[in-house]
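Below: a set of structures, written as structure tokens.
Paired with subunit B in one complex and with subunit C in the other, subunit A is shared by the two complexes that follow.
Let's look at the complex of A and B:
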């Protein structure tokens, strides 16, 4: 029985309340009531989500933009696969670069076998694509030809008739020199009419042209699918070509072996030669040794892929969040303790709180850039190159700028909440402390902070949420590697896939934001006195 | 001999290096006259260059003409020189230049005008040098659908599925004039104040008598006397800006003109191949400081780029570009240009799509090696300087000697020659592929849309030959 309550308590703390009726139902507690709860907490949200997907799938194809069709859920799912494929290829290249000996040879054999297979598949796919294209050209011609013919014919007719009219008018004008004023005015009217006639012709022509252009806009999903299938195979082939090069003729192992043999030969000739340029041979040995040393420690220069960018974004948001907390909590406590200090801080809070990250970022980039004129040899940045794990994520000035921007935008919620929490400490508690003659620090750590903790954490939770939203914007602007940079790259790529790939990011950002929020909820509940768990 | 016969061309290179080794073992085993002869033939070059820096970060903008950098990485040409290179996309030309100057990047894919402008202090000032021209041509001017329709009304010949090329700006002139009468100015985009695109679109407009505006000390936007206003938009954002109606046309590199065709938002009217046949486009730029600190690395990078350019321009017996399709596939990777393979292919495989119905054969639309493309010609630098003066970016009149001295500070043909010599000794390049020139100036050419001849030795005369543009005192020519 106690196990059940421990689970329920855990669920409550984690904020996963929708699970508790399931647990209760499993233990047979008031089944009817639990079923109702499950309906409300699980079935309804699921249905709402499914309805959303259905609506999306139905509405999206109806809205066509010049950047392509709004992707449907299934297209977005495919795009996710595309992002993942690119990641896998690059990871394989990174690993393949380091393979040696037997392992390298088996991998090479595997890749060579695969490329033959892919070549066959690609050939079939290309044939299918050609067939689909041919079919679509025929269909295109048959649907577009009538519109085009109509347009061309009318254009020719109106051009001819305009020419005819102009010629007639010109001929008439030639006779007008001797005509009366009346006749001249009549001619002017005729000119006006002709002009109006030409305008009408033009409008009609424009209508037909629109129809012609509309007809040209038919799309061929079969061609699109065939192209996509073809692209996937062609990309794999491209990857395999490079991969085989890396494992075979361009492999580090073979290069090193060749360089070592050469070094040995040069050494022998250097030691045994009785004539010839010994200086040249000697410096050749030194050069070769250096080449071997650098090659032996070389690594594949892997481009950033989304999974790695996500981790870097998380690092960046936490760096900003820690910085924000380190500033906001002490100031917030001081604000809560002293009304005078609060009064001094109020204008700053009011002034800086509404400033957008897009304003902060360029300013901070310039300031941080000023501190690091030579980022390659900056001691502070080089320190991060030695920290395990973090060293893989290249801490650079752009990263720091983004983190500071996150901090500047997110610290306000923590600051204000901390001040509120500290201000709300029970006067009786403070009086008791005074009677016990507790020092400032003991009062702070024994009474003030424990009481204010729930509100501080409420503030931190808001801060983290704000920080996560700010980060993506900051990364887009600073082109610091991360989710924002990915979105920006996809936007500038403008390929048929990129629209859908941006949708993938919406879900990734959403899910991560939700998880961060859940984590903060757990912390908040853990420190709250009203929860059954001690505040620790 | 350790060399075994291998049938595929893929292994040719391998064979070459292996035979070098076996020759070396021959040398050490029997120290005889033929071996000495071979030694004299330049084995000193066949050794690896001792690069000062072995892991490099190179920047690029998402344009197809970044291909030499990307290919040198993907085909292992950098690795052959002992370099591990990261090729990193930059969001715009300003950021790219700043990153090179601050040292975040070792070098980058740059506009031809960028090293020149930076060195003489237009915009950000820094001494930038270039040992290598990445490509020729590759740009086009695109106008929006509505402007195209108006141009067709002005010039009935254009109202066809296959209008006659090249299309001059004459049909655009009435549109600009109508707008001026309404107190407005036609808005067009280019990618950077000192970009080739800026000078090309200005050349095209001015050749038809449309004034694109002067720069001056106080007018850094270059709109004094303008009949058409030009503004700066980063290449990848061009189609979106055109679609939004902020600008009515733009001059940009690929794939952003083809993107407009594919998305149906605009019509390319003229390529820069038609404005100036075989015009220099992008260069590989590094700072003077970096070049001085890494004398061997810059040669190694140049070597890799030459091989890359050669690979891109390789043709079969029938003259068909054989590697372009693979190059397009590589460029379409999301970390490089990232546009659709089909879109990149439209302009890179020897054709140019003006409209869906109007596809022209343009085998030289993208040139990466032939026509002595990759050599850093002084005369190319002088041309850009004359245009900077013509439009007032260089605010003071300079003597002809200044033009010659300035380009000598920026272009590094000596580095190119060293790299080429090294490649020739390794067998990757032949002697006749290195341009024969005494002073690194191209011969006089009149391959411009208006037929105005250009001789790099006579900058002042050239500047004064234009109807629209600043005129200098003829005495400055120094003759």
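Let's look at the complex of A and C:
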């Protein structure tokens, strides 16, 4: 029984209220009521999501862009798989380059076997694609040809009839030179009627043309699927070719071995040669030695993949968030404690709070660039190259600029909330402090900050949310590696696949933002002493 | 604090000397309290009774040193009170416990500050002694929001007593409690006072409470320009028992006396006020069908 309440309390603190009727139902507590709650908290949101996906799948293909159709949910799902495949291939190459001895050989054998397999699969897939294309050509002809025929026929007919009408009118006009005014007016009317007929014909033609074009644009799912299967296999083959090189002739081990053999040869000939250019042989040895040294520590230059970019974005947002908190909380406390300080700060808060990250970023990039004219040899940046984990994410001036921009845009919520929380200290608590003669620091840490903590955390929660939104924009503008850079690359790329990958990013950014918010809610609840915090 | 010179018991231990408290600019100052005098002897239990809004809380703030008088002085043991301190423990109406600290920690905050030289063991014994005194040992590690109003006020009492103040200032400590809890706490406070004999100033608006607890009852006249009037001495023997007290003729006499004094004061205050009588619109209830006494919906309430 107590375990149940511990779970329910945990659910409540985590703000996952939709789970609590499930737990209650599992323990048999008021089943009817719990079913109703499950309906409201789980079934309805799920239905809403399904409705959204359905609407999306229906509406998206109707709009054509220069990057192809707007992707449907299933295309986006495939794009997600594509992103993941790319990441896995690149990671495999990176690891493969460093493999040695037996391990390398078994891996090489495996890759070689796989490439043969892929070759077979590709052949089958190509046949399937051809078959699908042929089938679709037949289908295409059966739907398109009648439409085209109807259009062509009507066009021919209307052209002929117009010619005939024009000729008749011209002939009549020739006889009108002697006719009365009435007859001339009647002719004019005839001209008008003919014009109207032509217009009607044109409209009908346009209708037929639309139908024809529509038929032409029908894409056949079988062809699409077959093409996609082919692309996936081609990608894998391309990877395997590279991978086999990495494991084989381009592997670090073989390169080193070759260099060492060569060094030995050169050495022997340098020591034993009785004639020839000893200077050339000697410098050859030194060159070889150098080459061996660099090769021994070389790595595969892995391109940035989305998972790694996401981690870097998270690092960047936390760096900015920490900076914002370090600035906003002390200043907020000072604002709350001193009305004078608050009065001094108010204009700054009012002035700088609405400034967009897109304005801050270039300014900060220039300022940071001023501090680090030579980023390659900057002591501060080189420090991060030694920190485990972080060293893999290349802390550069662009990263710092993005983090500072995040900080500048997100610190306001924390600052204002901290000031509010500190200002809201209970007068009676302050009286207790005065009776006890608590000193300034005791008052601050034992009374003021604990009182303000729930509001400070409410501010931090807003700050982190704002920071996450600002970050993606900052990365797009600064081309600092991260989610924003990925979006920018996909936008520049402009293919229909990269278009779909941008949709994947929407969901990734959304889910991460949601998780960050949840984490902050948990913190907020843990520091609140009585009243509940709204989860929304 | 330990070097208090022995104080002549006949002289006032705690005193207000011609104290006025006002606010507003000097030429248009409104006095909440005016030329107020009070003398409390050592170990005396004095109760100050008055209507709400008559400046009772201002009086406590003055005695505690939380507020300085505009004119006049507040003295304790002959010294002028200039700032609050643990020699005068205050128990606030609103408990004023720190909601993020447990019962133990709330008291610890006070004890650590007042007795910084105590060792860890002494500290714990001291705190637990006072928790025991107010019968809260089972709730030692509870947070204030997990306690009832009466228990919270007990914690507040324990915290105030744990500072071992020479004077206890009780600012309507029981007025937020229900009648039962109030009676229990009154008895507890009386019991503790009889054991420890401290100088106590109890602010209240409850005549029964004042008579039960105090040696002297001093009425506070209606504010603004409130003032302390002549005291009613309470000669009832101690320990007083609330069960037999109501039968006591002196108790009955005092109660009638003080109540009629307060009622009379209220009347004069109302008369002296600007008589702005606003005629209210006639609001008679609409003629609803009378609800039958056997009606289920009524019964179920």
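Brief remarks on what is shown
We adopt the following convention: the second predicted complex is superposed on the first by the 419 of 536 C-alpha atoms of A that agree within 3 Å, B and C clash if a C-alpha of one lies under 4 Å from a C-alpha of the other, contacts with A are read in each partner's own complex, and residues count from 1 in each chain.
Here, contacts are C-beta pairs under 8 Å (C-beta built on N, C-alpha and C of every residue); 3 or more make two chains touch, one makes a residue touch a chain.
The shown structure was predicted, so the numbers you read here are calculated from the model rather than taken from an experiment.
By the document's definition of touching, of the two partners only subunit B reaches A:290; subunit C does not. Comparing subunit B with subunit C, the partner in contact with more residues of subunit A is B.
Contacts of A:526 after superposition on the shared chain: neither subunit B nor subunit C is touched. Contact with neither subunit B nor subunit C is seen for A:256 once the two complexes are overlaid on the shared chain. In the superposition on chain A, contact of A:301 is made with subunit B only, not with subunit C.
Using the contact criterion defined above for the overlaid structures, shared-chain residue A:25 touches neither subunit B nor subunit C, since it reaches no partner. When the two complexes are overlaid on their common chain A, residue A:437 makes contact with subunit C while staying clear of subunit B.
Once the two complexes are overlaid on the shared chain, A:450 sits against subunit C while remaining clear of subunit B. In the superposition on chain A, contact is made by A:429 with subunit C only, not with subunit B.
By the touch criterion given at the top, residues 66-68, 86, 155, 159, 216-217, 227, 231, 234-235, 238, 241-242, 245-246, 249-250, 255, 258-259, 261-262, 265-266, 268-269, 272-276, 280, 284, 286-288, 290-291, 294-295, 298-301, 303-304, 369, 373-376, 396-397, 479, 488-498 of subunit A touch subunit B in their complex. On the side of subunit A, the complex with subunit C involves touching residues 426, 428-429, 431-432, 434-438, 442, 446-447, 450, 453, 529-530.
Residue ranges on subunit B touching subunit A, taken from their complex, read 10-11, 13-14, 17, 21, 24-25, 27-28, 31, 36, 39, 44, 47-48, 50-51, 54-55, 62, 73-76, 79-80, 82, 84-87, 89-91, 95, 102-104, 156, 159, 236-237, 239-240, 243, 259, 263-265, 326, 329-330, 332-335, 337-343, 356.
Residue ranges on subunit C touching subunit A, taken from their complex, read 64, 66, 83-86, 88-90, 92, 94, 96, 98-100, 109-110, 113-114, 143, 145, 163.
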